[in-house]
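Which chain is which? They are A, B, C and D, in the order written, and residues in each are numbered from 1.
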């Protein structure tokens, strides 16, 4: 149980947190035919869009209600209606997901109520599902915004249906990549179960070249499948942040299983045990082999990770997944996270600062950390401190393939351990006499003959 | 919104010298430059974004954003302005207002503390404080806080009042620069002002573009004294009033400061560009002429001509072997302002065919130049919807798209080469040497063997029948506003 | 068609090549229950074993006939017999694969003949399959030694059997990792075909933790399966080096398909086209998606790889696979390879030196190369020249997970392109005024106020 | 094999001072140290390997291997001897003989050319030429080639004749050192020989171990003049004859050179170790005593005692907090020679239980020390077959294995911590500070939470019944020769 520290300062230096609306937009993008819509000033959308484009290396269809000086004062209901109208006209989306911003939440409008009323009136909007999540920037970060969006989708679109044999709901956390989701879905399918994945970035933001140009998300969870989630035999939610969403499905009669992490031997074991119980099926041979390979990887990697002092700056659920994995290998963590959640309190360390990269940089220097685990913004800090930097979380804008990094399941854990060990190995320590306080050898002994002229 | 801010916004848009405004019909001109944003069909940054773009390149300043997290948490560390000195401008500082701060009305107090902390922590030359939507909405008086902090901490603390909802990036550019005029320019004096000291305003030194030009100035003995550009120090802003000439690089947003420097301090200014061979030469000529007019030694002119002759000859020699590799290629240009024609002429000189050039943010003068250079106005177009652009490119009616980052994926997804010629680009294309780099980039892009592989069908696809190319007339393409906002 | 250059020098500096016997031993280790046996002095075995242990991070059951001063002069027939006897006693292997070394080949013994005679005599050895390949160190490298061993296995163990519907032979090249083999096998299976993989390191040297200790390989191709290879409907050989082995199976009536590479869009397309023809099956949706993702990865990566000057030091087949892939993305190669083979001649470059890392280092400096692509021994050269270093081939002793790197198929190609692009990105260029010949800015403008004392 | 080489091998093994040999019964002793290798059950390096291990740490020499590729292609760049100067020794040089070279009899000519090329290319202090199996078999006379090259190129070119088939690593150590005695020692003179100059022979400076000790020598004013150790320069080998005392670190293979230095130059020598607290102190004491006996100032002795007292106290203080973390742990030690007991005593001092220590390469004296330290001989064993060791460890009869790299995977695969205490290790454990590092390594290894996770059953496994531990008596374990050859 970690003690959460709130640094006593007014200044935030080098933000670690990513805003909640962005998290909501990302979740919405995991729905097929979606366009996320920020209810705020157009800058909120522009910053978030650039942020996502740099991470995903994809065009991101994100729109804005474009609040102006008038609507900022008088309210933005009309802006939403006009936005939906324009979006429908231009891109024919099946789904519009609205996320509010600090601007409208500070005003305290009843956007949800206005929206309901408007949708009742605008029957011509009926063939586009519209969902609204309240995600003020001043509360929570990426993981919370993502979770609020998923809850909003469930509230709006999941209905009671008859039981569907062998169907399970999978609610991936905000920081799961396309590769993570594929890995988990593969494990579920290997037990003969059929997952409905909400949301599913592994189909929409996995980086694929399509045959045409659309103004909305290309792939993702189908609305028809979302409607059936109330009939699933279980919900598997990944990350504490997804617990409220799982609870909503539980209210519809679907038992909730929340896995705080799917990284690390014990965490995956727990997941597999659940799949065994849910399916009653034999454990596939490939999974047994994957576990044997992870076990071996732990042996090889522990020489490099045991005792390693890691500076970790991640959102709570991702931090919990990767942090517990490293701690279980004997690493010593110095942690900063973004929000004071249950996952943050369970980080395997005495003290966790809820802060920014500035806090992490000071702490890493204090603790003599040897490796940095955070998103791409940490690169300047890594350079200043001379640390190897393993990139995790959002954003990762200075590398390609952020969505291809699998750190989930037995295989993903193996890859992650190798990744960390290799980052250590990529900064080899070359011993010098000075390191031990030894004087240099007399230059008298050095070879000084000029090179031969003949040959 | 305070009345003061409203007035400031009005003023910002009543820019008599603004070429964009001047290019508009009389009726529209009265509305100022403020573009009405369309909900659900808008793109581009807000006023805060614009102010930050203009001011963040000042390197030794702590840029402190008074806002909830998103404004700067999603925005910091995303530009490529290079510095040869302080790296302070690359750090992200914000008050990260929480719900509690807002409910309790703690905004101003927190800002004051944050200013104190950032000065203690970073020892900046100055602190620029940016107010955004929420802090404007809750009525924080950042002007008062900055004033108090300046007095208390003995360090310039400059308020930049730019809530995002007041308008676009362009407006923010203007408001940001206004803050400099109001609070910074004229507050420091150079040790030895010289007759060849100049101001350069509005070059962001992306990937070092200013340094591609600086050796030319160095050789002519021209010193960049004042600067609101990449690699600028705070002192260079504060000393602008002592320069002899101001060069405004490619940005109408900065016109106000040039004009005020002229009005208040008698410094003449001109708009110029270091993009392309002829523009570079023209800018150098104008600079030298204006400096001589203000008293610099007359031999500056022949020295400038000699330099231009030498550099142009060398550049053309370097370009010669590249010509056959790029000649005959068809470029679709999607940029704005003066680049609409300056790049066209540079490309035509290399035997590259420009199949279209967008006329966004272009003046009547720009239009005339394009018609003159291309011999027709058939290749001019306004905005283009991504789907349209995709279709054009997919049908291979152009060999390469040159544009800003927003249309990047339209080209790539259409399997067509793309070259970044706007702010996010990773290579410097300024001055003579930059032109050679640009042509190398075009060569690398269009001649990459990857395109042929990508365009071939998958093993499981029947090869598509190849329809003969329809003639490419851009005028027939319906435009759509606000799909991109590149410049 | 590349011109092969043989540098005119007597001195080899920093060897690039790995010996042929080691390649043979590695191939033998892909057979279940195997112990490879070097016929030579014990040092040959010790060096090779350490080399493999450092690469695979596994115990390597490699044995030696331990030639001594007497047998070096008089011949080592008895040494082999004694070795087999001892190995059988201690480890009960199903298979012993013998590889000769320079020492015995220089003597010119008829080892194969002696061995045949001895095995006829020693009927008590009958339950251990014994195979012999001539692999003198002075001819060929890792790929050739591996190929000779596979040929020897086919000669000794494959028999004529009835056609086996939908069974295909897969002959992976020496430089294919466990992940590569899994990827290719997965593609084959996706078309409803059943591969017999010879040899199969993906089962024996994939790094897994077993439940007990054995003195021989743990997993690999089963001898019973090898016996059926004559009944397969086709042989898919990966790499030119495997052509003779494929031809031997062709002599048994199995049509040979030799793929010089399985990396790069066009190379994988060709392989998929063959699988389509062989199977008559639909192309699986996952493969279509993988191709769309590779296409997108090419778009993202070409900004970093187009025009990149790459110094490549690899064995011919691996060099061909990775080199053609990079060249197809617009990279410019500077090549050194180990042996003068058909694959070496087809490298996409005007000139290829058959040489060592010393040659590569000189050439890389001459050509202003920006990235190094070679095995772990290149690390010192990379450091001297300040280049990012992508490790490929054997050995990779300074990183973990060498066998997990997949560079094969659509997915492996995507990963490889990202790997190269990310290596470039990990050495970001920071422009300085000096780079352009610009004078520094006057220090007069620098902020020099001392930090405030009060706060 | 030439008669000369045969004689050299015989001589190498008739080492009167060799402790291993002295420990054997009379009958065996006559055979010398040459171990008969068993085909199919052998392990460990050949003579060439041994020579390279001994000589490669000499940093400014080009080590040129005259052989087909495998000898050095598979062997170079695999050791961790650290250098504070030249990196030349890390480069791999070989003549890479091809089939054609062998058939055409071009070996000697190619070697001569290669020597010329390596001198021109690298400007080495000297070239060491190693002959191996094939070049010996084809009869290349490397002695003659080296002689001619030395004369022609004016650079020492030293022949090291070590075909792999003549025997083991140990023999190669000896042959390598013999080459130094024959060709190098005594060929250069120090500028200012001093009364506290010493030779150190046989420490490989792995990960900087010699530098963990050197500060102690520095403080006592003792200079390492001569060296066949890690971080040695060629000149330090050539000047060995001027040292006052030779310390031989943990290697019987190097005894010949120590003895010859004594015979020819009157330099007394002793065997010592810097491994463990007591050994380190003992080595320092002996060094100082012997130096004083040879004329060094007498105050060296009290200064040495003061240093030892200070260092031991500090080390014990540093170890104190680690004791509870490692105390009571059961170590299985699988090493050789003096480490069999010096490590035991060091570990026991920390409350660590040594459940077994191998007696390979141990003398009667070593055995006596073990019995004395442990109070019984029940914990001594010879070799152990991997399968046996695996079984023991899997049954958790020891908490950690300390050994060399070859048995690494036996421990790991048995889910038991392993600590490298031999040549391939990545951390330096020498001297006082090294002892603290070692205990930290033990702490890190045995207290890693990973082990508990790894030993738990998979979700699909019924937990195995836990049988009560049988008492662990090593004597009952059948030994098997030649499974490992670690030292």
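We take it that a contact is a pair of C-beta atoms (placed from the backbone, for glycine too) under 8 Å apart; a residue touches a chain by one contact, two chains touch by 3 or more.
Treat the numbers as computed from the prediction; the structure is a model and nothing was measured.
Greatest centre-to-centre distance from chain D is found for B, with centres as Cα means.
The pair with more inter-chain C-beta contacts, choosing from A-B and A-D, is A-B.
The distance from the centre of chain C to the centre of chain D, each centre being the mean of the chain's C-alpha atoms, comes to 33 Å.
In this assembly, the C-alpha centroid of chain B lies 50 Å from the C-alpha centroid of chain C. Chain B has residues 117, 413, 415, 454 in contact with two or more other chains. Residue positions 209-210, 295, 299-300 of chain A each touch two or more of the other chains.
An unclassified topology is adopted by the chain contact network, corresponding to no line, ring, star or complete arrangement. The touching residues of chain C, counted against chain B in their complex, run 265-266, 269-270, 272-273, 276, 283, 288, 291, 295, 298-300, 302, 306-307, 327-330, 430-433, 435-442, 444-447, 449-452, 454-455.
Residues of chain C that touch chain A in their complex: 57, 206-210, 289, 292-293, 295-297, 299-301, 304, 398-401, 404, 414-415, 417-418, 421-422, 425-426, 428. Those residues of chain B lying in contact with chain C across their complex are 60, 82, 84-86, 116-117, 119-120, 123-125, 153-155, 190-191, 207-208, 211-212, 214-215, 218, 223-224, 231, 233-236, 239, 412-413, 415, 428, 433, 440, 444-445, 447-450, 453-454, 456, 458-460.
By the touch criterion given at the top, residues 9-15, 17-22, 37, 40-51, 53-54, 58-59, 63-69, 71-73, 79-80, 82-87, 90, 101-103, 106-107, 136-139, 141, 209-210, 212-213, 215, 356, 377, 380, 397 of chain A touch chain B in their complex. Of all the residues in chain B, the ones that touch chain A in their complex are 1, 6, 37-49, 64, 67-78, 87, 90-99, 101-102, 109-114, 117-118, 121, 133-134, 137-138, 163-168, 386-387, 390-391, 394, 405, 409-410, 413-415, 454, 480.
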